[in-house]
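Order of writing sets the labels: A, B and C. Residues in every chain begin at 1.
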Amino acid sequence: MKVLMQWSSLSIGYDKKPLVENLDLIIRSPEILCVVGETGIGKSTLLRFIAGLQEKERLSGTVTEVNQIRKAMVFQETDQIFPWKRVLSNVMIGMSKTTENLSQAKAILRELGIEDKKDAYPYTLSGGQKQRVAIARALMRKPDLLLMDEPFGSLDVQNRKKNQEILRQLFWHHELSVVFVTHDLQEAIDLGDRILLLKNPGHHQYYEVTDKNRQLLLPQLLSEMRI
Amino acid sequence: MKAMVANNKILWLCLSLMVLAGGCTVGTQSHDDKELQIAEQFGLAYAPLVVIKEKSMMQDHGVQVEWIQLNNASAIREAMLSSHLDIGFMGIPPYLIGKDNDMGWEVFTGLTKAELALVSNNEDINALTDIERQDRIILPQPGSIQHILLAMAAEKEFGDAQYFDEQLLSMSHPDGLQALKNSKDPVLLFTAPPYVAMALQEPKFQKVLTGVDAFGGPFTFIVGVASETAWREKKSQIDIFQTVLREAILWMEQYPEDAADLLAPYYQITHQEMMNYLQSGELVYALDVQGMERFQEFMLQVGYIKKEEALR
Amino acid sequence: MNRWLKHILVIISFMMLWQLVFWWGIYPTASFPSVFHIFRALWMEFTQGDLSRQLLITLWTITKGVGVGALLAVILAFVWRKKGIVGDMIATMVSVAHPLPGIALLPLLILWFGIGERVIVVMIVHAVVWPMLINIKAGLDNMPVIYHQIADVFSLSSKTRIFEIALPSSLPFMLSGLKTGWARAWRAMIAGEMVFGVIGQSGGLGTYLFQKRVFMDTPGLLAGLLVIIAMGIFVEEFFFSFLENSTIKRWGMGQ
């Protein structure tokens, strides 16, 4: 199994007060790494830091990226889609409109089951569809690492299940590395290959998800979170 | 709900009717038989009016005067139409335009004769034929005496009275003088004393045309006009005003030093400058009216006025 | 449709009232002409006079002024957002210049820019640029944080950030700035010409009103006012509606 990036004894936080402390993080390729923990524990900060959005907040630690890796991100908010752009232009933003790119964008939309919406304006889409447009936009960049910040958090159960399934298929097809932040433990167990549980600064724990322990993991995580 | 909307509409209609009709009643009621409302404009041409005002000469005859500062003949005309004004002073052409539009006003006196002139800010422009199509000509407003004089000259020179009409620009005399001084492009200004002399102090400025040349003889620059209602209801006050005006002009001639003392602070210039203006001969204060017929004929011929009967 | 019917009803009743007052005869005809005279003057001015040309000149001049003003406002808004002395200078400039009526600046503008159409355009630019600048700045300030983050994560170019994200995102603000700017430009142009009186080839509606006034053509004056009213309604009801319907309403960005 390849290692995409590797960090050692990383501390990040605001105003010298660490949110995440002394974290060793390895991201493999491919895998889905789900980050769970209570609200405010630093999940999103960690993710944004990986994305390069919050470089300032690094307090200490070393980062080793195997190569210059391409990152893309999907946010929680459904208004991450630009309302003034049709679905296809949203997916294509910042990319030249070559036939190759266009056909790739359409292919991705097809994979996500929203090809028929390519000329629609975002306000006509459901929340779940908007999130899939965001995923399509991220995939368009052919990312090595896809960062997702509770992308299905604002969806109803039905839409959430559907999007999880689609994500799983994409993962197999594109051989992605995904860091997936969620507060929903069941979602993490369903999706993840590994789970990183953030507890307090300096306290965190990894779990491998296997077919064997899938059933047992939920109570274990729940009890761990309480400690 | 429907009924309320309808009620509102009726209310609105009544209100608008009141507003439309309202102005008139206010206008006529504000008149006081003892009082005379006179419009003054700013400029040396109106100096005898300043003398009357500053020396309270009308009050000595038992007539109260309300002096109203107005900027141009259009404003005077409008004030008279709304019955807010008895007497105003202006050039002959604006008076004729009002006459042509059925105003019952009448000239009752002359006030000033003046050396008007068209001045260029460019030494290459010495005659009308030197003026290019893109050169701007500044004058107080279309329909003013300066405009008509220019049209007369253009008629003589080019056979087309409206030859310059596309390149006119309206500005007050002082603004026009500023524009002349500050513009790099060739600009001309048709103006009156003291602005003619002030402009000609600049080395490159040229006199292109005089009012007398354009008109073909002397003419009255400013006349006094009384409104139709004033003629009907305030004839005696107008008579008194005529007498007082004659006295004022006489006094200015007899006691120029005293007149300069009185007028200099009003025009914010020195006593000596005021004396120079009064004695330069550029401005002559005189009660007779000269040139009325010629203006009428010309304006009728060119179409600035339309009615034959304005000719008396 | 009902709304239009109401408008028309009000206009017709007002015209009837006007005519009644005319027949009443308390005003001199020279200052209160009949409705028929006004409409005849309107017809004559359009068919034989210069009114259509003057209307076009007015609109064209305003378009130029608004175009330059809007462009300037966009550029200044982006500069303003850069922190530091330049941004502070712009902030001061806005608070000094925004409340200043263009008409008050006119004598100075004549000194600086000479005479002619340029001055009017500069005055319109002044009328437009400050309200638009304030609005665009507000639009940029109110841009959701997530748009910045998306641009950062996807390493979008400045060109894409400005033209495909920042500007469309602040479009609702820009449009309301444009509305204010248009109203101010329209007033500035007509007022400027009425005071300043550009006559001849570069004259617009203000010049038209000025000429009608000095030659005492009251029906023509009122016909000009009708054109101004009609133009105002047209721009408000059709032009801006069209702009909104084809942009922010179409995108579901109702403010």
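The criterion applied here is as follows: contacts are C-beta pairs under 8 Å (C-beta built on N, C-alpha and C of every residue); 3 or more make two chains touch, one makes a residue touch a chain.
All of these numbers come straight from a predicted model, not from anything done at the bench.
Compared with subunit A, the chain whose C-alpha mean position is the greatest distance off is B. Among the chains in view, C has its Cα centre nearest the centre of the complete protein Cα set. Chain geometry summary: the mean Cα position of subunit A and that of subunit B are 82 Å apart. Measuring from the averaged C-alpha position of subunit A to that of subunit C gives a distance of 49 Å.
The distance from the centre of subunit B to the centre of subunit C, with each centre set as the mean of the Cα atoms, comes to 34 Å.
Residues 48, 51-53, 71-73, 75, 77, 79-80, 82-85, 93-94, 121-124, 137, 141, 147 of subunit A are the ones touching subunit C in the complex.
Interface residues of subunit C, counted against subunit B in their complex, comprise 10, 13-14, 17-18, 20-21, 24, 26-31, 107, 110-111, 114-116, 196-201, 210-211, 213-218.
Listed in rising order, the residues of subunit B touching subunit C in the complex are 9, 12-13, 16-17, 20-21, 23-24, 73-74, 77-78, 81-82, 94, 97-98, 100-103, 136, 138, 141-144, 165-171, 175, 178-179, 182-185, 187, 304. Against subunit A, the residues of subunit C that register as touching in their complex are 144, 146-147, 149-150, 152-157, 160, 164-165, 168-169, 171, 247, 250-253.
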